[in-house]
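Below is one structure, written out as structure tokens; the observations come after it.
Chain naming follows the written order as A, B and C, and within any one chain the residues start at number 1.
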Amino acid sequence: MSLLDLREVHVAYASAAGPIPAVRGVNLSVERGEVLGIAGESGCGKSTLASTVLRLLPPSATASGQVLLDGSDVLTMSWGEIRTVRWAEAAIVFQGALHSLNPVQRVGEQIAEPLRLHRTTKGVRARVSELLQQVGLPESRAKAYPHQLSGGQRQRVMIAMALACAPDLIIADEPTTALDVMVQAQVLDLLTGLVRELDMALVLISHDLGVLGTTCDRIAVMYAGEIVEVGPGLSLFDHPRHPYTQALSGAFPRIGDPRARYAPIGLPGDPPYPGELGVGCAFHPRCPLAVADCLAEPVPLTDGVRCIRVDG
Amino acid sequence: MGPGYPMSGVVARRRRMALARFVVTYRRDRAGMAGLTVLAVFVLVALLAPILIPADALDVTKAQGERFGAPSVAFPMGTDDSGRSMLLLLAYGTRISLTVGLAATVVAMVIGTAVGILAGHFRGPTSHVLVGVTDWFLVIPFLPLAIVLATVLGPSTLNLIIVIGITSWAGTARLIRAQTLSIEGRPYLERARALGAGNWHQMTRHVLPNVFPLVLANTTLTVAIVILSETTLSFLGLGDPLAPSWGALLDRAFSSGAVSRGAWWFVLPPGICVVLVVMGFTLVGRAIERILDPRGGLR
Amino acid sequence: MILSVRDLMVRFGQVRAVDGVDLDLDAGEIVALVGESGCGKTTLARSLLGLVAPTRGQINFDGQPLDYRRLKPFRRQVQLILQDPLGALNPRHTVYDAVAEGIRIHRVPGNEEERVADALSRAGLRPAERFFLRYPHELSGGQRQRVVIAGALVLSPRVLVADEPVSSLDASVRGEILGLLLRLRAELGLSVLVVTHDLGLAWNIADRVAVMYLGRIVECGPTAEVLNAPRHPYTQALLSVVPDVGRTRQQVLAGEPPDPANIPSGCRFHPRCPVVMPACATAVLPVLPVLDLQAPHQSACLRT
């Protein structure tokens, strides 16, 4: 049985103009010990998907489908059940560590918070020290306030918080965006090391396909609420098939590739607004391979690619 | 909002469109319209008072009614301690209270905003001096200072405006300075400097429009405080003794023993008028603030 | 040489943000200033614009030293593109106002509306008129950055200093903005100094690359050479950790980059250097001259 199994998950936000679909029919599974990458940009629904796993959506959002965490559907759990699940079975490292930490509370206290909420108050300090050690921070940093830490250190604190209740699954939403490349490497090393050491599963969300390609066993690419391509990490990175994945891959060029010199790859237009999606392929307006047929009817995911112009 | 810059056709057209949109949006704001209606009534009364009401109504020697007369058909709101019609007195009082209220507010806001922006924009000695002066005015208790100034300047409506204006600007200055400091750090200020903008341009085109909502919100609060201050000072007898402002009416009411006589029509109406006007300004100010924020209230 | 910097030092109290830099920028050249946070690249860019006064050193524009009391004419020639386009635009100004601002400040004669439309078109926002009355929060990240660029172009500058121009934009939009910078260089002969921590960006558009560490340039030269065959151990480490499937041996340096308030003696990189020698702790390395395109690939390291 998979650790996490998403089946036909749809999430929509309520608005004055009707429901806005943020996630449209996602099917994904994550096994223990696996690192799954979700690639996509703003508005593709990846953060919504992450929030859905722990049912952290705002009240105006409606989710349908099944989100099976170790066999139990998160969406139909009672309030008490979901509270025990949160953080103890799955945890999220949110985007933007700078804003996710309480600026007037010491870091050690913030790491201790999930412990206090889920377990007894005994042994909390020892556990906090253990967690800080696991993420490579000196114990003394527990007394620091968030503004006294660097960006990389804050990210480590967020990871320590996520590990607090020893979850089976960690979802890291853009953990390395806004970090320098050296610090990014340190954080990624830390995450992959923890996966091995603690036999957890990791879902890594990022818009940098290079980051995902080098750390993930499998990658799913999301666009406008759907998965447009899914496959093994390395091969998806080396040979992207969907035109969007190709553009995403080209956005962060391989240093040393002479074809990328003076030839930045980008897509015209902007990622679509979720409220204005029509029938057929959502990528159509920006796609270099688009034809009239692309808009005719919804495109199914065949053999890991959602595109009629690519042989499955 | 750009004094001294030539306007091309597009920009002028945009201003007209923006004004039209503002009016339409304002009309849909129920709280704002309620406040505006209340204020409109009072302003109308204030404007029409000298036309519709003979000056005799204020003359104590020409008073028609009995003293402390209860409301009747002839005198819908009763009479004061000299027999003058309360209704007419209140109407005249509206003129005074509104005039002093608005004028003093303008004085306080202009001084406060200017000092606040200058203190926030410039660093070094200028800022230190301005902040020091502001703090001085903040620390000194309002009432003793106002009483001293009013006594020194003499009892008149103009002096009342000056006194209240001088004693009310410091709170605004502090607030505006804090907001200016936060705006100064924003990237678009840096971009303006990189484009070559001088101090005046930075302060008027970037800082001022962005502190404007705060200024507006603060203005409504200030009007409230100013009208209450005017009421207080008039109540203490520091205003023009002949002018029947609401505060002066309250003063007469208490000193002539209206309370012990049970002449509620003498004591309550001036206070109620103050409350209504203050509420009107608050509702209007909030409505304008809501509409002016281009992000539609999302901060 | 359009822009020429010699011996630049910028200190804020104990913090030596820029600690000796020589730099030249030629007409029509794109130079990438690369480094991690705290290396001083942002301060260096700001002082080139005259926004930060240097503690020591000389900045020449077109052969003339900068007159800090009369910076306005200089400002027309050298413009700034900031990192966060949402923050860089006043939320209460329309696109038209934002772009016209430069014209109004410098009282440029001629038809304002035409100039604004022209600048917006050049920046890729067409038809320009449709954007006049929009507000920044109504636009996407890419469009906002184009507005910022249009605001710079409207003054017909000769140099653009771009501070992380695409780091806060969506991945699929980066290429468009970078392509725009290349096109502006080709069509208008603009020189561009790009400040970034992203080596891939440098690979995409830069003619030359200068790598900064703790206030000094530690390696510089033609992009292809520096990024394919780096000589300084810091550059080598940086390149080794850029996520790329081809690279195998990662040299992840321990800890965070040290503090510009406490610069190590000798070679400033020696406490973290994987190939450090005893002499590195005391060696005095001269300021590396970052000169024109013809200048060779240089590295501030005892080993090279």
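Assume a contact is a pair of C-beta atoms (placed from the backbone, for glycine too) under 8 Å apart; a residue touches a chain by one contact, two chains touch by 3 or more.
Because the structure is a prediction, the values reported are computed rather than measured.
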Note to self: Taking the touch definition from the header, please name the shape of the chain graph: line, ring, star, complete or other.
What the structure shows: line
Checklist line | Leading chain pair when contacts are tallied as C-beta pairs | finding: A-C
Notebook entry, point to check: Between chain B and chain C, what is the gap in Å from one C-alpha centre to the other?
Noted result: 50
Next item on the list: Compute the distance, rounded to whole Å, between the mean C-alpha positions of chain A and chain C.
Entry: 31
Checklist line | Residues of chain A touching at least two other chains | finding: none
Margin query: Applying the document's contact rule, which stretches of chain C touch chain B when the two form their complex?
Written below: 49, 51, 71-72, 75-76, 79-80, 82-84, 87-94, 96, 101-102, 104-106, 111-113, 132-133, 135, 137, 148, 151, 155
Checklist line | Residues of chain B touching chain C in the complex | finding: 2, 5-6, 8-11, 14, 17, 186-188, 190-198, 201, 205-206, 209-210, 294-295
Margin query: Please output the residues of chain A touching chain C within their complex, sorted ascending.
Written below: 41-42, 150-153, 178, 180-186, 188-189, 207-211, 213-215, 234, 237-238, 244, 247-248, 250-258, 260-268, 270-271, 286
Checklist line | chain C - residues contacting chain A, complex | finding: 36-37, 140-143, 167, 170-179, 182, 197-200, 203-205, 223-224, 227-228, 237-239, 241-246, 250, 252-253, 256-257
